[in-house]
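The structures considered in this document are given below.
Two complexes follow with chain A in common, the first pairing it with chain B and the second with chain C.
Now for the complex of A and B:
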């Protein structure tokens, strides 16, 4: 009891001093400004006619809002296709990976079998393999499977990443063994235990895993650049970057595309903010 | 038996799309061709060429140089932000949200946005530069400035992630030690260097290892901002690997460089886990 009292008193005494608080707010205002200004700048660029971009001094808020960049983006490029592809592939990978990784994590966390240590060690070692280094052999493998330039080329290799297994295992390990034992005594099969007892209990772990997997797909660039050739099957990141490779760079078009591409992830962030800000980080630390 | 069945789907994909490519990567270092024509066995030719090729050596040097700029910079800045977040009484969530926002975007989008920020004629950073020095700065066209600029973009994109990670680490530290230190008369600066930093060692181990693995593969921002130029001053290892497949059509040679990249990552990871090992 006295410890609790002491902790409370000391917590008050450790309060940062006024100059420290002032400096901290200064630092954070600076951080906030540099974080936000680039977004505001492309927003401003995207509603300007490309010619007026070069006027100096620049106008942050143009007198007349110009929507031509957005119209051109949606009508003359495959932007909507790219968005749709990105979401389809992202969702497919997320759902499949969630099931596959949860099963493997359950096996590694709660079941006994020969070779368990070896399997864990190999999976852990593979976390350190840089994916960029596997692009060349993966290209030939996927080509020999006849999957180059298909959605499968983006979905299947993404299922091999073992990081998610460790993430989910850390959630399952902490569940009490008795829970599983008593279910077994009641005659429940392993599949039933897994689906009806384990999965509901690690719900927050599954959400973190899903966000992590989806974001990884959403931001993926090098592999789709290598594996997909036809423009209409491309994902958002590579598609937008291809807008820059034209001979005459259409800055208005690129700014509109960049800005629109930030919207879906922003919505996802607003909806699942507490998982992004708190839980994903603390569980990343554990893994 | 059930245990293996639960594990099987993961292992099938893991074996097919990670272990198998890893093994064939090694085999490919002894071959060349294969994109348009069948691959030919060339013995150790790729290996002999790799370590004397000035461009390859330059990409390795560029990649290490980039890591040495970007990783310390992002850690110092993020730690500053984390300490600031930790000492404010109100508004923490709002600032966390804003600072984390750039981290959410694909690095590709961040890089594209910075083509606007850095543009010589209309870039906002150059508008500031012109106001201060009267001259715009050619951030991406200057051989000495291009790589630091790439590092700056990556730091901008990564600072929110690391700031929140460090903040979580700081907030998990045992409070009692801080009271003891304060009773001993340790000021905030001494508390930071003698308590916070040493206690955060596990966080740093994870951070340094993870940041090294990710940053040694730097590609997206380079592809968009400079495509390796000017004069290959921003050509990274991954950039060369990509080019070896599609532009130079020498996948075997690219595979050799890929293999070197794997070895570098594994060696650095091993060194880091040795350096951060628990001495107790």
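Now for the complex of A and C:
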């Protein structure tokens, strides 16, 4: 189609043709519908009572909005407790990971020390190991430390994921060495350089890393299922799945819980999305 | 006061198989403006980094004001450095950039004085005091360079190290900054080591020039000495624009040399008769007249540069010779021309390229 446009105008033009615009919009709309339909279905289900759930033909918007699912969720389950646990663990892991990963990334990117290449290689290897393969050895390790069924069981293993180190390292590597040399000559020690020069300059990287880490924790299911037995210490993902009993599945209740669970993470993403945009734009401009 | 502000004693820096600096012995006097001049990769920036503590020497000792600094951290060496790319902290304002060395050293607490006054003082010295609230991204190249200078000045160091600080500026700004740097050096009166590959900068700014090649000092001297009495063909070729003409010759004994069919008189001894030599003739020393040491040929090209004209002359020698003339109005391609050299301007080098 590009070629067609060029031929017709007898000049190099990057202006898209009408059919191309139509096809592009069509594909984008289809993708948008595919993404939004499950969300709308959950929203619809969460405001239906049990009887109207399976009515035929299915009702997208029920005649009467039923808020009982939300009331039951907040009053009869530990939903608020799970949310609090999830936020607490998510925040703890995010803060600790930012500190540890940024320090490790700085040392790997800018400092010289013996065994640096080996450390990098081992970390890279650790990224390649799937989480599922680690669950059983991790279970025995955490049990031997006496940390099963504690918040530490959810926080400590999450800190060992080295992916963030490589993410932040790529940000730090791009900073000129002379900035660090200059700071050293100006009288700053390594900690001051890290805190006053490096961290402010990789702010967008830190935000991206924070969002990824928090979202990963927020949506983590397998490890909390294995490591936490007590309902009061459970996180949202496992808590919501436990709403499904052996005999009855209360879809309205589960939908209400799922919908409420998505709200905080959506708000967080909307609030911080400019950092994502800034990052992707800057990489585009760097060429 | 120690006899030298800075002294390198047998300093070498080796990276794997690559010798960046070889056995450097160099004292830098108090209040001196010393320029390290050489092509890329000659080790001049490494010499500066060794002094600042950014790199550690493989061997040798470095003294600042008589104190051995090899084992001191960069911050304790009392050396301020201005980097080629300015190295300003982009997230800080101009005032915060200038104040950073004082804050990092807790200067205000130690001296019970206001950091702001010191910052303003330094900013006024480099005429940047009206830009204190701006971030570096909002400044021009020249202004950024001034901020970098103010940051170096603010802590009153013993030595200034400048690594090609003007190379990122346009030609006009470079000229004006060069003059301001010299004036600033005179006012501050501290030893300054200045790295550049620009011979014009070196010649106009330096008290002494150190010409380097492959990590080895070729010559140390005043700009006049380096230009008029180059110690070898490298220095002779590197310093001066257009580049010195080199033609092979044979000694006629005494102070005479034969180049092709031409006999030239020099002020240098040429050694025993028949000895192969290299004759150096600066394009700028030629006189457009037929007198002593006359070189005749045909004008092959004439390049008008504004202030002068570079004339290329075919003489029958293996390579054409170039001459710089202020007035070349009667020197057109295809015409016959004759240039002459005073004996003191005929440089003689031996087979190894060293001045005889």
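Assorted remarks:
Quick note on the criterion: the second predicted complex is superposed on the first by the 260 of 287 C-alpha atoms of A that agree within 3 Å, B and C clash if a C-alpha of one lies under 4 Å from a C-alpha of the other, contacts with A are read in each partner's own complex, and residues count from 1 in each chain.
Operating definition for what follows: a residue touches a chain if its C-beta (ideal position, glycine included) is under 8 Å from a C-beta of that chain, and two chains touch if they have at least 3 such contacts.
As the structure is a prediction and not an experimental result, all values here were calculated from the model.
In the three-chain model built by superposing on chain A, chain B fits alongside chain C with no clash. Contact comparison for chain A: of chain B and chain C, B touches the greater number of residues.
After overlaying the two complexes on the shared chain, residue contacts for A:92 are found with neither chain B nor chain C.
Contacts of A:269 after superposition: chain B is touched, whereas chain C is not reached.
In the overlay built on the shared chain, the residue A:112 is in contact with chain B alone; chain C does not reach it. Of the two partner chains, neither chain B nor chain C is touched by A:228. Of the two partner chains placed around the shared chain by superposition, neither chain B nor chain C is touched by A:206. When both complexes are overlaid on chain A, the residue A:240 reaches chain B alone and has no touch with chain C. Of the two partner chains, chain B is the only one that A:28 touches; chain C does not reach it.
Annotation: superposed on chain A, chain B and chain C show a minimal Cα-Cα gap of 13 Å. Chain A residues in contact with chain B (one complex) as well as with chain C (other complex) do not exist.
Chain B meets chain A in the complex at residues 2-4, 6-7, 9-11, 13-14, 16-22, 24-25, 28, 34, 80-81, 83-85, 87-89, 91, 93, 95-102, 104-110, 112-117, 119, 121-122, 124, 127, 156, 159-160, 163-165, 168-169, 172, 175-176, 178-179, 182, 188, 202-203, 206, 209, 213, 216-217, 219-220, 223-224, 237-238, 241-242, 244-246, 251, 254-255, 258-259, 261-262, 265-266, 269. By the touch criterion stated above, chain C contacts chain A in their complex at residues 49, 52-54, 73-75, 79-81, 83-85, 87, 89-91, 100-101, 104-105, 151, 155.
For chain A in complex with chain B, the touching residues are 7, 10-11, 13-14, 16-17, 20-21, 23-25, 27-28, 31-32, 34-39, 41-42, 45, 53-54, 56-58, 99-101, 103-104, 106-108, 111-113, 116, 119, 122-123, 126, 128-141, 156-157, 159-162, 165, 190, 194, 215, 218-222, 225-226, 236-237, 240-241, 244, 251, 254-255, 258, 261-262, 265-266, 269, 273, 276-278, 281-282, 284-285.
Contact residues of chain A toward chain C in the complex are 176, 178-179, 181-188, 192, 197, 200-201.
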